[in-house]
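Labels for the chains are A, B, C, D, E and F, by order of writing; each one numbers its residues from 1.
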């Protein structure tokens, strides 16, 4: 039963990803795209965790964790770039 | 700026790190405790220079209560925002609100701003340290003052109690 | 039949999480201005991933390999970082002087 | 041995004159003369043996495989030439001692001369044909130096280059010819080649071989149409002209005709080619000589003409003609050398070589005048002088030849014409210079007789002209006989050499030549006028123009190819790769292999779609760089997800971290770079690029498809089976990285460290314009370090370090390892740079990243070396399980230490790159630190 | 799956190559990054595709081919080093030649 | 056991790392260290050369036996190439130590890493490891190329770097395909596996082989992939350009190694696949190199094109394919590398002597203090590089022409090689007479540096190798023949590699 639920959840997440990608492509402004990218990272975490559960494998945890870290660093850096141009001052 | 070089510069941080390590290795054994203690001691020691004025945790219990309250608020408000998002967006009343800060320490202000952002419906958009103002963007707010009051009582005061000497 | 009961909880949590993630994405997709869109993902995904994390914890803890709590770290991380991301994005948006919905009261600040 | 010495002595003595120069000019000359004198003595000591027909061989095997041996032969032909080279060489040394002015560096001059002499001796004495080429090219090189001796003069430089080009080029043709000969005969030894004449002439490659050899001959001996370099070589000092351009080097060509005679001659090819070229050269040279106003120019064309004469004789292809050719060769060497020396004396004393400015020198230089008259008479072929005898022989042979069929009668007439012109220019040489008015135009007045040392060699040579002319049989027969024998390969009966053969046809021709020459000279004025109207094209200018034109054309061609456009280079590279690989792919019978395609699930399909859309979006928005960068990070994220999806968690982790660092890097760079890419490519180029890109994509698709539909049979099983037992870890990927293929990893961290160092070096001293507004022209936000970011990123540091430690420690058994851990650490630190600034971070984190990266490489390397101590190869790993009370089993693996090296390098290099790049904005445009 | 994977690689390669053929350094570097992704995925695929069987012992009976994974890991890191170098070189070119054109051509005007 | 085979890689690596670690060390100490490390390469190379006479030396890194672990293989060819790099490195470091190394930071470390990469590429018996070493030598060369400030250097460097990045991508594509088809990375093992592929897989391997060829050809600088080279080499600092003289040879080595082993006669339809393609390209390269030398406007430019020309010569030898042709190729390879390096150093010397206003451009310059000396050195180098007697270029050229036989290939080779030689003579005599015979007017003041004898010595060391190669031609050619016979018999190599046994017990 759980397998089907997980698959269903993955389906839901796929829709979420799809919408996010639409925003990413549509913009219209840079902050919109960055926000969409950030959301995509979050969605990726969700998908990875679902995949881990689907495969009953614990090996995906680190990937999820790392996506969280990297998504943050990326978003902050691009935002800083928009604000100040120079990300390391 | 205190630049003590002690054997345990940030005890709370060390404890925090210890917990994190145990979470990471996902097991509780003597070996993992030992390594957790070791890293919990080493890493704050190695990075203490990055914490020029560490926050002083005065009332851990209040903090715990605060955290639980915030978590509850997050869950509750999430549903509310979900409803708003799924509903007609034409009726929404967004607003930029200038929130007068009572907190004075950087770290605590950051915590407050985070808390505000984490609870649905509000985002800390900017901080003005000179004027002691916090710019909040609210998703849908009818009464701005009510929102300010809520934040003040539910979040700012407790944080002040935990980390800062009460200025009043 | 405790096992089934656990499965039920996990399933509910996973569905909850996924749906909130979806709602966040919907918000991102349909809300009229950037500042409002900012609320979608940063809110909904905290609970979305949060629920997934709890679901996963329950899932792995009941597999027989001992309690699994490390997923909590993901949520911890997101809780620390999401407000900063949102803050930085809001500042960037204000610096870029993005259009905002006409119904918005108050003013963004000069950067 | 002795033959070798003859060549070697001048060669070894090359440095003597340079060293002796310090002791004065006389010592220098003596030092120079020493080696040739010794060599001459050695040569003469063999005279009796050689003249009696003996062939002396000296052979040292050297490069069997190449066929190149140190192998010399001294036979009659070689003896004759060596005698000329050494004898005239010694006279030239004497002459030059007085000719060179004190300003001219004498040591260098004599050194070049000796070098040339040795090369010449090598050519005429070589038994091995490759050795001959060796020396042949050496004569070209040394003559280049000699002609260019007065390098300040443009004439000399251009003349030298032209001579080198023509003779060097001829040498290359000769080389090809000799290689073909060697191929036909199977040996480069002259003895073998000469014995294989029949075989050579019958070979299909004979015509080609002959043409190639003749090209060498004609270029060196200045035969039409390769003659033009010789007059310009007259920019050389007169002793050089006397030596190289009359007596020796130009004779190297005809020497080859003689040397190869048994191997190559006696065919229609030979006859037609050699005699025609010889005749044309004879005529053109003789006629042109008359009209040259430069004294040495006249002599140069005369030389060309006489060389043509000799060539013609070889071409006539009869034994007696060969004898005549060799005889004239000797005679010409003697009188022409003396004439060049005389020309040198005249220009030396008067300051000019222009015949039109030289008049009436008889009164000032009677001695010189007499010598000139005698030598010129020999050149004109007047009786009692050596030139007369050989010219008689020429007439005999010309009149006898029948190979030209109905045109045979024409040949004597043409030769007579040449002879008449020869007489005419000889008269002009004497009359116009020594008589014909008063010496009023000469730059140096009054001219004097030169020092006796300059006259002495001329006197000796002129004396020889007379002696040979009067007592030919006594003086020359033996020498000539042995030379002819050596040339033909067998002895022949020579006609008696005597002054008087009675009234006969040749004598008539001689008389006609003299009379005709006189007439031509008398009627010279209208000829000069007529010639003056013909545009005078100077070979040197033509040659220079030709070279310039070639240079220009080459430059244009290369500019088209090497347009300096990277886009075109890239397109070439892609095109070549696509064509090369595509060729074999198209040859494949079937792209699709036996495996099923495999089902596609929805999430993967969506992922693939987003991957495609995001990469297309990167292209679509590449003009808006930041947007493209965001799209690129989407691609990176999806690639990481793909790795995770297809069972490669290590790769997913690495990809995520590397991608983040890359994005940070791109953003750091984007600050300085323009924010938008201008629209530059034409539509055509865009289409071309699109086609190329599409083909490249197709190529990769086909390769991937072909692989994925085929079963795998790989060595992977070994790693899986041995990972735990042999490498002590359960994460096979990590065990491969740090153990099975640890050497790759060592190389890889070296790459990272080098990149860091290289980037540091590039940033060092770099000044870039720092933009003051954003892409939309708005000023930057004033707050550099937002409070929230500062405070929360500090929390991130210990957290990230914790994760880093965790990833590092578990790497051997579970996904993770030094790389990923290093990258996480680096990113956590970079976050500090981003949030709090470079200075703030540097103040708290005083680490020399160079040293950090280096120590990583060192630790990894030393870990590898440690295995030597146990007698194992580099990087042999070891691990052990230690039981610690309470803690339990602990695995200690050397691979962990290696991984630590990896970790440190990654941290060091990444920060070296990013932190330094971050610092760049601190260096303001004006060079002041902000 | 094979076809999908192959086609995706094709698109990725096409995009990367097209950008590599642009005239400015930044798009070229982005193109190289894209191409790098494609190439890494390709190298990875040379060990064939596996679902849910990471090359970690003790997790399942069968595991993916670990060797290409190790190779790709090496290739990723090397690729990063190279990209970084190219990018900084582009900056240096900007500094010394005053242009971000790949041929160092100065912008008109 | 003997660890000799790994030392040519480790020594420069450790030297480079130590130089980085002790970055604050004085320049003198750095120079000493770098010189010492380079000097040690010589006995090492000789030792390996001697060892190679005894048979093929296989060193299994990590004690993992091939085909599973990475092996270093020292056969005669490898030993020869190591000697080539060792002899090259020492004079170049010596030259650089007289001041060129101070133009930018970390020259010596980069130099040592570059040597590490070059030696590794020669030594490795593993295809992926070859990729890694290629990357090492490339990244170091990127950094060295832009060593010292110069706009031209950066421009050329950008082209060089970006092209090679694309090249690296192609290399990985080829590697992936070959691994996917054969399932192995060890070259010896791969050769065996290619021999038993079915048609489809064989052609896939053929596609990969072509990609490899393109990558190597890019490194080797073959038409139409050499276009980046002239500007890059001509603009590099003198010692860097001199070191780069060996870079194209790494590409040629790789072509020889890979295509005599993986795509040998046993590979069915793929046998000789490289030769067919290389033949016309090599001849074109040869001709264009000569034309370039004629058209170049500076001495380094001329030498750079001569490097291109030498590539054409070498690859035409490879394309001829016979043992004699390969022998000629190897001989020519030795001499052309050293002489070109010597000439690059000389160009640097001249550049300094003439001062920045004239540099080594082919224009009349100021009066030179040591005109005779410099002129003579140039003359020697020119003779050597133009293939004129009595120096080694001549022998190399004759060997190659002899190896060509008399067929139509020979006709093409004769025509192009000899025709190019003539162009080179014209080019070099032009260059020489302009540089050493012509003088700019009186106003041209000498602004150059006085001649540095140490630099001159370094330059002469390299040029002298040409004479040495003539004197020692007989033993050298014997060695080369033995090396070529080893190449022609890949089974011997394969056996040696695959039959190696672990050291000690189980590790």
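One rule holds for everything that comes next: contacts are C-beta pairs under 8 Å (C-beta built on N, C-alpha and C of every residue); 3 or more make two chains touch, one makes a residue touch a chain.
Please read these numbers as outputs of a predicted model, since none were measured by experiment.
Separation of subunit C from subunit D in touch steps, taking the shortest path, is 1. Here the chain-to-chain distance from subunit A to subunit C, counted in touching steps, is 1.
Chain pair with the larger contact count among B-D and D-F is D-F, by C-beta pairs in contact. Across the assembly, the mean Cα position most removed from that of subunit D is the one of B. With centres set at the average Cα position, the gap from subunit E to subunit F is 28 Å.
Centroids built from CA atoms put subunit C at 17 Å from subunit B.
With each centre defined as the average position of its C-alpha atoms, the distance from subunit A to subunit F rounds to 48 Å. With centres taken as mean Cα positions, subunit F sits 58 Å from subunit C. Touching two or more other chains at once are residues 128, 132, 135, 139, 142-143, 146, 149, 158-159, 162, 166, 173, 176-177, 179-180, 185 of subunit F.
Residue positions 20, 24-26, 113-114, 124 of subunit B each touch two or more of the other chains. Residue positions of subunit C touching 2 or more other chains: 26, 38, 40, 68, 70, 73, 77, 80-81, 83-84, 87-88, 91, 95-96, 111. Pairwise, the chains that make contact are A-C, A-D, A-E, B-C, B-D, C-D, D-E, D-F, E-F.
Touching subunit E in their complex are the following residues of subunit A: 55, 57, 59. Interface residues of subunit C facing subunit D in the complex, by the touch rule stated above, are 77, 80-81, 83-84, 87-88, 91, 95-97, 111. For subunit D in complex with subunit E, the residues that touch the partner chain are 564-567, 570-571, 574, 595, 597-600, 604-605, 608, 611-612, 615-616, 618-619, 622, 625, 628-629, 632, 635-636, 639, 642-643, 645-651, 654-655, 658, 661-662, 665-666, 669-670, 672-674, 677-678, 680-681, 689-690, 692-694, 696-705, 707-709, 712, 714-716, 719-720, 723-724, 730-733, 736-737, 741, 744-745, 748, 751-752, 754-756, 758-759, 762-763, 766-768, 813-815, 819, 906, 909, 913, 917, 920. Contact residues on subunit A toward subunit C in their complex (touch as defined above): 1-2, 5-6, 8-9, 12-13, 15-20, 22-23, 29-32, 34-36, 38-39, 42-43, 45-46, 49-50, 52-53, 56, 58, 61, 64-65, 68-69, 71-72, 75-76, 79-80, 82-83. Listed in rising order, the residues of subunit E touching subunit D in the complex are 1-30, 33-34, 37-38, 40-42, 44-58, 63-67, 69-74, 76-85, 87-92, 94-95, 100, 102-103, 107.
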